[in-house]
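Look at the two complexes coming up: subunit A is in both, with subunit B in one and subunit C in the other.
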Partner chain A sequence: MSEAATLLEVRDLRVEFRSGLETVHAVNGATFDVRAGETAAILGESGCGKSVTAAAIMRLLPQPPARITAGEIRFDGESVLTMSRPRWRQIAGRRIGMVFQDALSSLNPVFSVGWQIAEAFRVHGEASRAERRRRAIELLDRVGISGAATRVDHFPHQFSGGMRQRVMIAMAVALGPSLLIADEPTTALDVTIQAQIMDLLASLRAEYGMAMVLISHDLGVVSEVADRVAVMYAGRVVESGPTREVLRRPSHPYTLALLRSVPGGKSKAQKLHPIVGSPPDLARMPVGCAFHPRCEMAREICTRVAPPCTVVEGASGATRTVECHFAAEVASGRVA
Partner chain B sequence: MMRYLGQRALHSAIALGALVMLVFFLVRLTGDPASLYLPIDASVEQRQAFSERHGFDRPVLAQFASFVGDVLRGDFGHSIRKDRPALEVVLEAFPTTLSLAVGTMVIAVVLGVVVGSLAAIRPGGMFDRMSTLTSLGAASAPDFWVAITGILLFAVALGWLPTSGTGGWQYWILPLAVLSLRPFGLLVQVVRGSMLSALGSAYVKTARAKGVGEATVVFVHALRNSGLAVVTVAGDQMVGIVNGAVIVETVFGWPGVGKLMIDAVIQRDFTLVQATILVTATAIFVLNVVIDLLYVLLDPRIRHR
Partner chain C sequence: MSDPAATPVAAAAEAVQVRRRLPLWRLLVRDRFALVAAFWLALLVVCMAFGPELLGKAATALDLRARNTPPGSLEKGWLAVLGTDALGRSMLARLVVATRNTMAVALTAITLALLVGGLLGMIAGYVGGWSSHLIMRGADVLQSFPSLLLAVVVLYVLEPRVSNLVVVLAVTRLPVYVRVARAEVLEIRERLFVQAARALGGGRRHILRRHIAPVVAPTLLTILTVDFAVVMLAESSLSFLGIGIQPPEITWGLMVAQGRNHLAVAWWLSFLPGLAIMLAAMSANVLSSWLRTVGDPSQRWRLEAPRGER
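Our next item is the complex of A and B:
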């Protein structure tokens, strides 16, 4: 694999939410990289901090109650968290686009979709009024909305769920960003539509040469489109590396358990293996490894010491990082 | 659209009819106008003649029938007290009330929207707490008390403004200020609430992710979505004022519809009471249609239903 330049760097990101007496540790030191042009997935159950991480990258966390207590986010070498607001506004929308989960509530109900797409050009000082409209129509056409010239004046409620998501995508890629963050872009859609939207995202990514961060809980989607994957659990990236490697030979018990909980996944037997227990209460994190209460192979050390980040060499020579005391054993399959 | 207007007009006509009936009979329960208009020592014959001249001696139902017939022909009757056509008297007073209402609403909506929006930007902040306190005070202060206190302070003690009456711009300040208080207070509360939910919404996140500036996020994306709430409250308050800002008009001696109605009731000027009610009810009908049209204009989801 040729080493493309690192576009997005997230280092030891920590986000907490304070509500009343409790402090919820939503993200607890997440670290990952996204290289230019690649598709990186963040995979995890709901509540693992993947959407909070995305919101932190886009500076969309409501503060308060959220607070970024530590860590760094660098986009193209610049620190996102410390840059001035005017500087950030030049990047948001122009160099980083974002697609949200629920397109109905993510589109403003009282403005036409054309107006909302054209706004992306307007805030970045691009093009004349007529030109903005022409480009909005062009974009709608590109994302597969038929009759774009009339649809441009329609309002979000006049579109179906899949069409709305296409509008969202058109808006996100309007200025040809180098990074697209897609936060569960297909979760709210029918299965048939999901595939269409993923295809659209993949073809746009290739066309614009964008990098994409795909946030998802769907193993199938991730294994299909992502070059690399970061598996998140309880606010940490517990395993990351090339998607094939990670999904074929998981080195973290959580990744393994995820694979075994999905029909047609890793499991040889027909029976599914749901992960026992539930994700930890993020206000009362367990000592040691956050996964140990649910881990089938937890030992004494896991209850005391948080596992360090270890680098594991894969079969093809590609490396990945794992946070488990027994990563080598898990990877080699010497487990129950 | 025409069908909608027709429906609206029909409903209003029915409501108006019921109202007129109610008023017609109730006002006649207040007593015999002859005893009010004629000297205390008027003879029975004189009273009889007065009643006959104004038709009060006929059965009430017969009076009602001829009243309805007259109204349908556009004749609202003759004011006994003013000795002029009742409609003319009402239409003379109406612009005064209308300008008071419009002025009040312009002030209340502009201030209410600005203060409410700013309060919603930082909920729990200093500005928010101050504006909540102020708006609650403004919405709950009794207007007769505020009006009288205002006169005592600004007109009597400080001598900055006239006590009452009409004339130059100075005469507008106190009535407008007193009338604006309540709508202003309510609007601040309503705008703050709907702006809070709008600012926490997903579409505001989308706008921010696009790189839209905070001012546009607040005053375009969020505020446009609060338009319905503003129109609802402002419309309701405006209807209240058009209906006759009775207390404020009386305290400040403004010759508006509210004062006219009170005087007419006290003087048992039946025709004038009826004409006043018919005119204001019509105005309120028009106002409600305007409010409905504004809804349609503001929310495409209503437009396309």
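Our next item is the complex of A and C:
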């Protein structure tokens, strides 16, 4: 799997939002890769720049106020940020699909769901009207909505939250994209539905051979479905690598803290360790490592020098990248 | 669904199935106000289509012995049932004949204003930047100028032809549509479904036409029905000033204006055409609110549900 070609490359992406008085650095040099066919998760607490990164990949950032100040996004070798608008329109929807968090507001209230699923074909000038409808019904059926032939004429408000998310997914995969970006696809849903939606995404991914970028703050979901994970903090990817490696033996203090702040499920007696403090003000980033004010093992150097990106050899030979001065110590469990 | 163990949920779903998608005319029959309004407007359409041909003669036939006959009696023939004017012409015939001009001027003017104003407003809202500034300042200029004065100047300089009248009326109503369309678009374009459409690869024009316009349209249509009366009255003011519709052509507005001189002795001369204007505007309003309900997928059930459940 690790031999598959790189489909999406994000290099040193920097996005800032300018308001009159201050500049908010939402993304500060995020770097990660997504290979064809794999599920890559972007994990982080809210406000860490996950969704902004996704919006930047989809060219959905409102500019202004947002500005992409540096970095590069390459999809299948082509630079997303510099390509012409017509070229991008050929790729959006057809080769990259996107699922949003809030399915109700992502669906147009005045059109039937069938119309909206058919929108993908319409935008890309594919299929006749009857053909579009037939394929919309097929897709609805595929995403697990029973009675698709009648439901296709229903409107978004006539569906439950989980079903709406299924409709969104049907829209996103309508043209069989090779990359699906799912921005917190299950956050608005309850746990049982979450599992169903994740199962659906996994099976669609296998069926279409899609790669998926799963944006989530949910460690449980990420550990279950993601092949690789990129942990984001304050707009940077602080640690990335194979999910098992990263979550079993975290080598960044933030990943470690994140893991310890989640109920393990094994022993009730185990105390949870919330991460003290709050994420940095993105308009006034701390000097040095962005995590040092909250880091239990911060030393003097952390307050001065931003840690370089280091490659760490994992147990199974897989490599991962970490941005911490003391990555080796964290990984070996010598600190904390 | 014939499964005896079918859940109540399934049964409810079936009930929904049966109720959905009643034909439009059935929905119209269910709403009495809308039905009456539709009938009235249909009658006006008939008057528009055939009025001048059927009653054109009667509308201009003088009968000085029957001047200012009050309405409500059949003594002077059925044409005088709504009374006669100061020259003894049948009010009924004149009202019917005037329908065509009135409607033609008012409908064309507001439709023009809606289309042009709506389009400009949507562009201003969605594209933004200098085009937005240009359009909005243009609207400001139009709005800061008293619309009647504008019309007077323009029609005085140009010929008071019907086409000019229509254009002037449309231009004076334009800013309302521009502003409302822009305000709506500013809100709608931030909604997630627009982002979703962009994520599907939809271009600007596609998104404006397919995703934003259908959401903006009902609001603009509602304004249109209110404007309907405003424009008819504006036309009457211009006609009163002698730069609108020129006699012997007649419109309801002109009839109101002409009747004003005789208000003390013959109230019906102004009252009846005024009533016609009001009824037409009201019918348009009622019907448009019905249309709005029918067109809104999440409101349509109100008309589809049996009476007791609303």
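As a working rule, the second predicted complex is superposed on the first by the 329 of 336 C-alpha atoms of A that agree within 3 Å, B and C clash if a C-alpha of one lies under 4 Å from a C-alpha of the other, contacts with A are read in each partner's own complex, and residues count from 1 in each chain.
In this text, a residue touches a chain if its C-beta (ideal position, glycine included) is under 8 Å from a C-beta of that chain, and two chains touch if they have at least 3 such contacts.
Everything quoted here is computed from the prediction, not taken from an experiment.
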Subunit B and subunit C placed together on subunit A: clash or fit? clash
(Q) So in the superposed three-chain picture, is A:Thr82 touching just subunit B, just subunit C, both, or none of them (first/second/both/neither)? (A) neither
Let me test your reading of the model: by the given contact rule, A:Thr303 touches which partner, first (subunit B), second (subunit C), both or neither? neither
**OP:** Give one of first, second, both or neither to describe whether A:Val110 is in contact with subunit B, with subunit C, with both, or with none.
**Re:** both
Touch test for A:Gln90: subunit B only (first), subunit C only (second), both, or neither? both
Which partner chains sit in contact with A:Thr150 here, subunit B, subunit C, both or neither? Use first/second/both/neither. second
Ask   = Of the partners subunit B and subunit C, which touch A:Met58 in the superposed model: first, second, both, neither?
value = both
**Request:** Using the touch definition from the top, say if A:Ser19 reaches subunit B (first), subunit C (second), both or neither.
**Result:** neither
So the subunit A residues that subunit B and subunit C both touch are 58-60, 89-94, 97-98, 100, 102, 105-112, 119-120, 123-124, 155, 157-158, 168, 171-172
Per the touch rule, the subunit A residues reaching subunit B in their complex are 55, 58-60, 62, 89-94, 97-98, 100, 102, 105-112, 116, 119-120, 123-124, 155, 157-158, 168, 171-172
Contacts from subunit B onto subunit A in the complex sit at residues 200-203, 205-213, 216, 221, 224-225, 227, 298-301, 304
Per the touch rule, the subunit C residues reaching subunit A in their complex are 13, 16-17, 20-21, 191-193, 195-203, 206, 210-211, 214-215, 295-298
In the complex, subunit A touches subunit C at residues 58-60, 85, 88-94, 96-98, 100, 102, 105-112, 119-120, 122-124, 147, 150, 153, 155, 157-158, 168, 171-172
